[in-house]
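For clarity, chains are labelled A, B, C and D in written order, and residue numbers in each chain start from 1.
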Amino acid sequence: MRREVPLIITGIVGLGFVVQYFIPHFPFSKMNDWFTDWFSIVQACAIVLGALNLLKVSLEKVAAQKKDWGYAAVIIASFLLITIVGLVEGEGFRTPGTTFDWLYVNVYIPLSATMFSILAFFVASASYRAFRARNLEATLLLIAAFFVMIGRVPVGEMISGFMPEGWRLGNLASWIMNVPQAAGQRAIMIGIGLGIVATSLRIILGIERAHIGGGE
Amino acid sequence: MTPLPPFGVTVADKPNDAGGAVTIRWRPSPDDVENGKVTFYRIYRAVEKDGQPGQFVQIDQRPAGADTAYVLHDGNADDELSYFYRVAALKLVKKDGLVVGEYLAQSDIAGPVSPVAQWFHMGRLSAFIGVAFLSFFILFFISRAKSGRTLFIRKIGGLEAVDEAVGRATEMGKSIYYISGLGDMDNMQTIAAITILGRVAEVAAKYDTYLDVPVCRSMVMVTAREIVKLAYSKVGRPDAYKDDQVHYLTDDQFGYAAAVDGMVVREKPATIFFMGQFFAESLILAETGNSIGAIQIAGTAMPAQLPFFVAACDYTLIGEELFAASAYLSKEPKLLGSIKGADIGKAVFLIAIIVGVVFEVFGIWQFSNLFSVGSN
Amino acid sequence: MDHFSLWLAAFLTLGIVSFLYKDNAWYKISEAIFVGISAGYWVVSLFWDNFYAKFWKGVFPEDQLNEAGEVIQAAQPDYWLFIGGALGLLMLLRLVPKIGWMSRWSLAFIVGATSGLWLMNYLSSNVLVQIQGTIVPLFSSAFGTGFDATWETAVQNIVILVGTFTGLVYFYFSKEHKGAFGRTARVGIFFLMITFGASFGYTVMSRMSLLIGRIDFLLHDWLGMIE
Amino acid sequence: MSTRAKEIIAIASITVFALIFYIRKVTGGLPFEFPMAVTYGVIGLLALSLLWILILTIQGKLIERRVVFVYVAFAVGLPLFMPISQKMTISPEVQQLYDAVLEQKPGSRVLISFDYDPPSAPELQPMAESFIRLCFERDLQVIIMGLWPQGPQQANLALQKVLEEEAIAAKNLQYGVDYVNLGFQSGNEFVIQGMGDSFKKKFPTDYQGRPYDDIPMLSNVKNFYNIDYCFNLSSGFPGSVEWVQVAVDRYGQDMGAGNTAVQAPTMYAYLNANQLNGLLGGMNGAAEFEILCDYEGKGRKYMVSQSFSHVVVIAFVLIGNVAFFMSGRKSALNGEKEQA
């Protein structure tokens, strides 16, 4: 029961969602919409499990006074603060002027925007270290990156301003993006498509069954 | 002042849909020229009653200016009813930005028509043939593999290195991190990543190396626990598995990245796996892992993130390799059979591209239409 | 923004940036706040957006009233949502150790539906449409015009064809990359490398602009040093 | 000195430094701008220090990542003080988008989906502003929505900014008649899918809770068939890819997109296959579009910093390679890991 039922569910549901693609008639026309709704409901339920796990792990740290337990306490406090505020403030929690919105604008946004922006530094250090013309492949990678970088900024136009129209660095960058880049991208996309088809079929047929805790 | 009406109004059920839609076509009014009299077309609809149109009601208004023909889909129709339509050319007279006059010219009435739902989307016949044919090859090779024939699969660098990477962590007495990306369980990349996690967990359990799986989706946490637990018991070490090996941090992209970064620099794992769907956090994570000297194996089908993994990781699975990985690592004939099947599909598509291009060069276009996919 | 919120935002911004120097207390505090706040943010969002707005309001909708308080549209509860509710409930059974395995049903459903949906969507959008896009008359400027393309267009078409073809050969798993086949796959790798290089180069720009945005916050919004 | 003490001193000195400037700002101090001479001096200094890094690297001393970090910070920060501007050429895909909008007759309906959040705002916000402004200028009706929860908030910020502008304010545009913000809906690509059937089902009310049927401009809008042009601003998933797969491939919608530079390369494949008819990629696309629309936005201002930072990254790539070859291709630089 514990293994077979999930396998059968996966198979039947999977097949159903393949079939709906070809049938415009009700109820198949609605399956897509239903699944979205259902999935988002399951997501909302499941996050309870995650949140409880976060709290449990942090509380254990605080209780055992492990190294850095103070930070675990900060996690708990800030989690409870925003959750309680958001749940109390009700449906309109996002409206400007609410406490939730204040926390969002002054705590959440600066944190996530900054975390995102430190990528700029990592991009620079990765280029300094990793882009070496070690072999033919690495050289091609480097050259393509180089021309696109320089061609996409006005500096590139300045340097190559003497070249005839259509041969400047900006055009070269566009050409690389539109032609060889697009070709490589297309090969990757087709490959991914076929990989997904094969994986989906394995799952629907029940050959790949790890996700439901089933082995051989 | 009144423009000439549009003509040639035809109505028909919109094909390949769930019903409820009618397609209306008309040809432009002779006055619909540049700077001409017509500014808009108004479309009117009436419900059929005893074979005659009832009251006409405006259902839409479209700007004029198309070259040869207009098409409009009325998606508000009821399958139970029949409808009549007509289209009017409209001239608006404006003064100081305000409309001061409207001149309408009605077309002939077209109809009646009743929308119908279809049971098969004819425009998707090619997709149907495609999926049937791919499934056939995949099933064929799976069954062949079952009967015991060996299938050759070329070496995939990143996957050959899994044992070595786990072994290194064991030697150093450090842990392994497995990062399954930002996707949730409604994402095939995540599902692929989770199955790979199963194989990695087996190796880790065998070597008795601590495997830490910080996740950012609750459902992934639930699934990953099932899988890691199963892997541990498969190699006979169910006692070594602890639920908190797989733990949730936050659903937030950068909150998750900040937390994992902190964990990486504090605990300095020897090996880090990045498998699944990644976005901008890929380089934040991979560079931080690189800075502590960890061996890193990455795999994703996100084309935009691949270059970062290539730059900062030791091995990278590119696109399709991620989906082939679980089969490759399991070495199970049935799973390998599916890769072989997809490969045959690939070969056929490769041949089709060449044949198609040759046809096109000589002006035969029907072939490439075999690959067109109908829209709704 | 008032003084306190500006300083708070600046404090957290610099806290995260300090990680670049090395792991330190300032970063650890910012990180802990970030984890707590963001986890809570998602709990609240999912509760109101998904559970309340989708499920609750869908199953127990209210009649739509006009200003006079008359019903213009009677509520139509959507009972299909109960299936979603049931799947969610099954998921929550994880909390009860003895019957926690029942959450697999819900996972099985989700994984099955995802497989079915992705199978068809990717087959059509990623495979069929892209293959159709690759099949072009190499030497004509518009379809059916024979061999009148400029040499640039012809080169472009040929490069795209060769790149897509050889790139796909690289992804062919069931044959050793040796001989002519291996050389073709190698050309495919070259194209993949150009692709990676180009998208890396393109990305650099995006990453830098994020930093510009943050520096603009610190220097303009906070300290008023720049215009 | 203990680590803790060092950390406290560092934080304290940053605070003092910030306080000085903050008080200066609050008491009405004006922003700084370098005179031209200083500008050239700063550029010279930046170049000299790059040379120094090159020499160090050739000598086999791989500079620490933190030096790279400091360098990047200066290269991005200092140009914001400089009074210079740049010449730019317009890429064809940007021009294409602009033309596509121009082709729309006054009164056509444009759907704009805001699928991003504040971290991507530096790139996408300028695009949003100039695109909305162009629509208003051309008397197009604008319908706004978002697949990301924070998208519609970003839209409101852009609207606010555009509506304040004199030329636009003079048009006296009405909410609900000329533009509307439908708000956020969860469900990713399936929202788009559902919209193919009915907008109203996916967005029963607008951003402020006003019922769909109460909004005059939506009275004739049932689904994609009533939309003339679709524009999507996206920084990830769900975003342009999903819009193309569903709205374009399934419903035949005409569509253009504005993307972060990271996403843009993926979109070129769609641009080539004519699934998209216009694309703004990254800050560059934003700045070019601003030029086409003749709009003074942040895009062009940020472009100077952008150029500097590019030069720095390119310089680092070059330095790495020059050193790699001069040291006989086998120095410590040989792609080995550096510990930092």
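Please note the rule applied: contacts are C-beta pairs under 8 Å (C-beta built on N, C-alpha and C of every residue); 3 or more make two chains touch, one makes a residue touch a chain.
Everything numeric in this text was worked out from a predicted model, so none of it was measured.
> Common contacts of chain B and chain C?
A, D
> Across all chain pairs, which one has the most C-beta contacts?
A-C
> Suppose chain centres are the mean of their C-alpha atoms. Which chain sits farthest from chain B?
Result for the farthest chain: D.
> Just by CA atoms, which chain is the most central one?
Central chain: C.
> With chain centres taken as the means of their Cα atoms, state the distance from chain A to chain C in Å.
Taking the average C-alpha coordinate of chain A and of chain C, the gap between them is 4 Å.
> Can you work out the whole-Å distance between the CA centroids of chain A and chain B?
Comparing mean C-alpha positions, chain B is 13 Å from chain A.
> Need the CA-centroid distance for the pair chain C / chain D, whole Å please.
17
> Round to the nearest whole Å and give the separation of the Cα centres of chain B and chain D.
Averaging C-alpha atoms per chain gives centres 24 Å apart.
> Could you tell me which residues belong to chain D and also touch two or more other chains?
65, 69, 72-73, 76, 119-121, 149, 186, 197, 249, 262, 265-266, 269, 272, 282, 284, 306, 309-310, 313, 338 - these are the residues of chain D that touch more than one other chain.
> Can you list every residue of chain B that touches 2 or more other chains, as numbers and ranges?
Expected reply: 18, 124, 127, 131, 134, 185-186, 188, 191, 219, 222-223, 226, 249-252, 254-255, 258, 266, 280, 290, 303-304, 306-308, 310-311, 318-321, 324, 339, 346, 349, 373, 376.
> Going by the touch rule set out above, which residues of chain A reach two or more other chains?
In chain A, residues 18, 21, 29, 32, 35, 37, 39-40, 42-43, 46-51, 54, 68, 109, 111-113, 115-123, 125, 127, 130-131, 141-142, 145-146, 149, 152-153, 177-178, 181-182, 185-186, 188-192, 194, 196-197, 199-201, 203, 211-213 touch at least two other chains, as defined above.
> Building nodes from the protein chains and edges from chain pairs that touch, which of line, ring, star, complete or other describes the result?
Topology of the interface graph: complete, with all chain pairs in contact.
> Mind pulling up the chain C residues that touch chain D in the complex?
10, 14, 20-21, 24-26, 45, 49-50, 53-54, 64, 121, 124-125, 129-130, 132-133, 160, 195, 198-199, 202-213, 215-216, 219-220, 222-227
> Taking the touch rule as given, give the residues of chain A at its contact with chain C in the complex, in rising order.
Touch list, chain A to chain C: 2, 5-7, 9-21, 30, 32, 34-35, 37-52, 54, 68, 71-72, 74-83, 86-87, 90-91, 93, 100, 102-123, 127, 136-138, 140-149, 152-153, 173, 175-194, 196-197, 199-201, 203-204, 211-213.
> Which part of chain B faces chain A closely enough to touch in the complex?
Within the complex, chain B touches chain A at residues 16-19, 117-121, 124, 127-128, 131, 134-135, 138-139, 142, 184-186, 188, 191-192, 194-195, 198, 215, 217-219, 221-223, 226-227, 229-230, 234, 244, 247-255, 257-258, 266, 280, 283-284, 287, 290, 301, 303, 306-308, 310-312, 318-324, 326-327, 334-335, 338-339, 341-342, 345-346, 349, 376.
> Taking the touch rule as given, give the residues of chain D at its contact with chain A in the complex, in rising order.
Its residues touching chain A are 62-63, 65, 68-69, 71-73, 76, 86-89, 91-92, 117-121, 149, 153, 186-188, 190-191, 193-194, 197, 265-266, 268-269, 271-272, 282, 284, 303, 306-307, 309-314, 316-317, 319-321, 324-325, 329, 333-335, 338.
> Using the touch rule from the top, collect the residues of chain C that touch chain B in their complex.
Residue list for chain C touching chain B: 16, 19, 22-23, 27-28, 30-31, 34-35, 37-39, 41-42, 46, 91, 94, 103-104, 107, 110-111, 113-115, 118-120, 122-125, 127-129, 131-132, 134-140, 143-144, 146, 161, 164-165, 168-169, 171-177, 192, 195-197, 199-200, 203.
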